[in-house]
Amino acid sequence: MKQLKLFLKDKKTWFDTAILEFLTEEKKALAVKPGMFFMLEAETLLKKPISVLDVDSRSGSLKFLIRRIGKGTSFLYDLKPGAELTAIGPSGNAFPDPEGRPVLLAGGGSGIPPMFFLSRILPKKTFHVVYGGQGKADIVPLFGKSIPHRITTDDGSLGLKGTVVKGIRKIMKDDPQFCKALLFSCGPEPMVKALTHAFPELNHYTSLERYMGCGFGVCLGCVVKTVNGIKRVCVDGPVFNTKDLGWNHGHED
Amino acid sequence: MDMKTDLGRGLLLKNPVMLASGTAAFGMEFEDFYPLEKLGALVTKGVSIDPIEGNPTPRIVETSGGMINSIGLQNPGARVFVEELLPQIRKHDFACVVNVFGYSDEGYKKVVEFLERSEGIDGYEVNISCPNVKHGGIQYGTNPEMTHRLVRELRSRTNRHLMVKLSPNVTDIMEFATACEEAGADSISLVNTLLGMAVDIETRRPKIARVVGGYSGPSIKPVALRMVYQVAKCVSIPVIGIGGIQSVKDALEFLLVGATAIQVGTANFYDPGIGGRLADELIQWLNRHGIDSLDDWIGSLEV
Amino acid sequence: MDMKTDLGRGLLLKNPVMLASGTAAFGMEFEDFYPLEKLGALVTKGVSIDPIEGNPTPRIVETSGGMINSIGLQNPGARVFVEELLPQIRKHDFACVVNVFGYSDEGYKKVVEFLERSEGIDGYEVNISCPNVKHGGIQYGTNPEMTHRLVRELRSRTNRHLMVKLSPNVTDIMEFATACEEAGADSISLVNTLLGMAVDIETRRPKIARVVGGYSGPSIKPVALRMVYQVAKCVSIPVIGIGGIQSVKDALEFLLVGATAIQVGTANFYDPGIGGRLADELIQWLNRHGIDSLDDWIGSLEV
Amino acid sequence: MKQLKLFLKDKKTWFDTAILEFLTEEKKALAVKPGMFFMLEAETLLKKPISVLDVDSRSGSLKFLIRRIGKGTSFLYDLKPGAELTAIGPSGNAFPDPEGRPVLLAGGGSGIPPMFFLSRILPKKTFHVVYGGQGKADIVPLFGKSIPHRITTDDGSLGLKGTVVKGIRKIMKDDPQFCKALLFSCGPEPMVKALTHAFPELNHYTSLERYMGCGFGVCLGCVVKTVNGIKRVCVDGPVFNTKDLGWNHGHED
């Protein structure tokens, strides 16, 4: 955990989403793993939690994908190359290492970054990505042809019409090794709950979202009930095994 | 530059910078940002005799120039504090003030009695002002007689430094300060959070689950500064200033109106290095302005 | 879209947008920015029976997200108001609420009795909450019995709409609201300014001459919103929301938690067009969200 | 009085002072006179009162001179051409028309703008400018050789060593028509008071500064005591005849 400076090198936008590439020399920041995030300065009082999309430790590059939905994310979306930001991180645990087992990577909307990051480091053929959104504008063209991925949209404007659940069923049908795969997910809570519901048999890790005050464990703003007691999403998570989460045990959150 | 500041009854701080309760957990997370030894003191998250789960989420929301929280005093209880957390804190050389809380006189007495058995605690900050607890809590901080009674009870139970933390949600803050002083408090810290609320017009719902929460951050500074000024004028025990401090300028303002020390709260969240930095910057600023010691600055406002 | 809002006893506003006392003088200066007819109502600067010179300068200072003022109720007195200012106001078609102030029951009664003799006043807003007056004034707003007595006295002197404006600097705002309702007030407006302070570390002096002043602006919105919510739940007369409103979103928030109308204060200074704009934007927003009338929105918060 | 948009066309800086040239098409704004000011948006909550330095109604240009001393003026100083600002104005009365009589124009520091503006419109040979500052860095090279002006600095780093009082004495000595001139001044209060004290015989108009909440007469933040009662500096002033001011009659302000 560090308080560090990031320099914006490059920015690309796709409808309401921007991909920001920052430079840093901070070693700890570049040792980040999929599922981890940084708290980024965003002209708001509190910094904003944003997952890492990609990292290149040789060139010192850190990439983030920002979906503008409010004040802070709009500020980040509007940044121009050359800008300097203060950040705190890297925060959070990471998705576990599948150690070669097949894994389904389900990302919805701005929950795609950890999935993309994973797709860059997991061994080929062991994973398949499902990328869901409401429509075409939500699906950022991140994945090249060589990365096995399926796109689903609610309105059918791109890929399969339907949700990520449908996408996963399709993948399972096409390649039975995924019927007993690990499931990693990140996205809106309804999506994650639908996945838990549809695939109760899968060992399912998900990255949770909570309104965060600090992002490094001191404010207790971001808690979630688990079978192991109340946990802080920012440092005990954001990745949890869904079987440990309160919502599977009758809790509100 | 002499930066030592004496809060009384053995609580001598190496400098006036403290981290405020509930904004620094039990301190450990800040080791990554600066050597904790830089701090004058750490005030722990509120500790109660039994563990408290706290309130449902969302517990936090940002508003213009501040934030509202409704954590609900989540804490692991006094036993876990003493056995697991205190030993960690005691690895570092700074004063450790334990913020204590109970739902009744009984609850407060119990937690203090329990903590009295442990070494390594330099003082208590009695939170009589937390707005986030449904049953009890708040009425202490808004009733001077109850405040007086509670402080007297706790005074008779400890020889450690007894700091009382006041709520700003009252008509006359001086009445409470006087009650605390008369009942034997060693110092007074203020302010806790203002009661505030935020709603979402799109969902038509409150932005935090418990509807009303505690408002903190830069926006509350003018109110906090006014109350610290009023209290410092009316009591003779030390006053610790809290509320919206995010720069050395802010810290100097509280000291100028009469605070003997200051606590940094919300700013820890968005600027975790602030505690260590303030300690340095205070010295630099006073030096640059030809002021020989912290004592010369404290309370030197000309009205 | 039906934007009419009824504050009771004949004070029917064409829309819920009012300009707050002391932030719009007597309205004339806004003619340059929009047709005053757009407003639901104007609340005048506080009027007392005799002229008041007000406090020394500096009377104003900006703080993070707000400002502190200590104008000290400067006004030309009731006679000049009635003879020179009221005729100007009455050239425009909006409700004119006269904010009244006295240093004692006697003072309040005198100004209301004097104003009763003039046509063209649609109601009074009784300021029992101004923090800027040295002798008297403030204790009304922080003493429920005095508040009750004063409101009853004024009630017996007028059949015009009687709005009472509450101070936020109290422990329990609901106590005051109830006292006003029981004493016969037609509506309650809140909040007036929070007591705040700002100091200059370079000069070591307070930033306003009278040291403590009234804190207003966006920073106080969470506190104001909380109080309006609490009061709207506990009384059955209309509540007018005030505090930090600077956008249609802010206005909608106050209406959502139960305000029947809103007043724009500090924002008039830095965005003088806001009054006229809000009236339009409220309609547009409600239309866009498929809400048929203002009444459907007021108090529709889901908790 | 209008709420209007200004577009920054050009900026020049001189130490801590910037000269900003804005464009506007607002007729009322371009009808401004020396001594009047605008409230300029400055990233602060309240707008900041800034006097007009110069106007060119044909090209739609409005110039201001900004001395950075705090948050708002630093924001204005740092603006870049292309920026758009909201402004309120023009506010205030103006200096009276000398109608050909000789007039001394005394400006100190950031009080020079109305004097410069006057020097651009008063008939040649009827006026003389005195421009005072603490040192060289305070004196912006505004005046060409053809404009009769004297510079004074406290430290003698430029022009006459001394205050504007000394400058005026010198001018009076060189050109006796100024011994009975009108005196127009704008600058720090101590300077203005020193002038009143040194030249009690002169008919002296000064532009006052007050912390302003609104700048158009509604907040009563900016008042001054005068022999005619309490006046608002923003709309009843900022230009007052010093003989009317409270400070000449034992008042604090």
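To keep things simple, chains are lettered A, B, C and D as they appear, and every chain counts its residues starting from 1.
Note that a contact is a pair of C-beta atoms (placed from the backbone, for glycine too) under 8 Å apart; a residue touches a chain by one contact, two chains touch by 3 or more.
Note that the structure is a prediction, hence the values are computed from the model and not measured.
> Leaving subunit B out, what are the touching components among the remaining chains?
Ignoring subunit B, components are A | C, D.
> Roughly how far is subunit C from subunit D, going centre to centre by Cα mean, in whole Å?
Computed from C-alpha means, the inter-chain centre distance equals 36 Å.
> If you average the CA atoms of subunit A and of subunit D, how many Å lie between those two points?
57
> Roughly how far is subunit B from subunit D, going centre to centre by Cα mean, in whole Å?
Chain centroid spacing, subunit B to subunit D, equals 48 Å.
> Give me the residues of subunit C that touch two or more other chains.
65-66, 218
> Using the contact definition from the top, classify how the chains connect: line, ring, star, complete or other.
Graph shape here is a line: each chain touches the next, no loop.
> Who touches whom among the chains?
A-B, B-C, C-D
> Quick check on the complex: what are the subunit B residues that touch subunit A?
Touching subunit A: residues 22-25, 29-30, 32-33, 45, 53-54, 56-62, 65-67, 69, 71, 74, 217-218, 266, 268-273 of subunit B.
> Can you tell me which positions in subunit A touch subunit B when the two form their complex?
Its residues touching subunit B are 1-3, 39, 44-47, 88, 210-214, 216-224, 230, 235, 252-253.
> If you look only at subunit B, which of its residues touch subunit C in the complex?
Against subunit C, the touching part of subunit B is residues 63-66, 68, 142, 169-172, 194-199, 201, 204-206, 211-212, 215, 218-223, 225-226, 229, 244, 249, 252-253, 256-257, 300-303.
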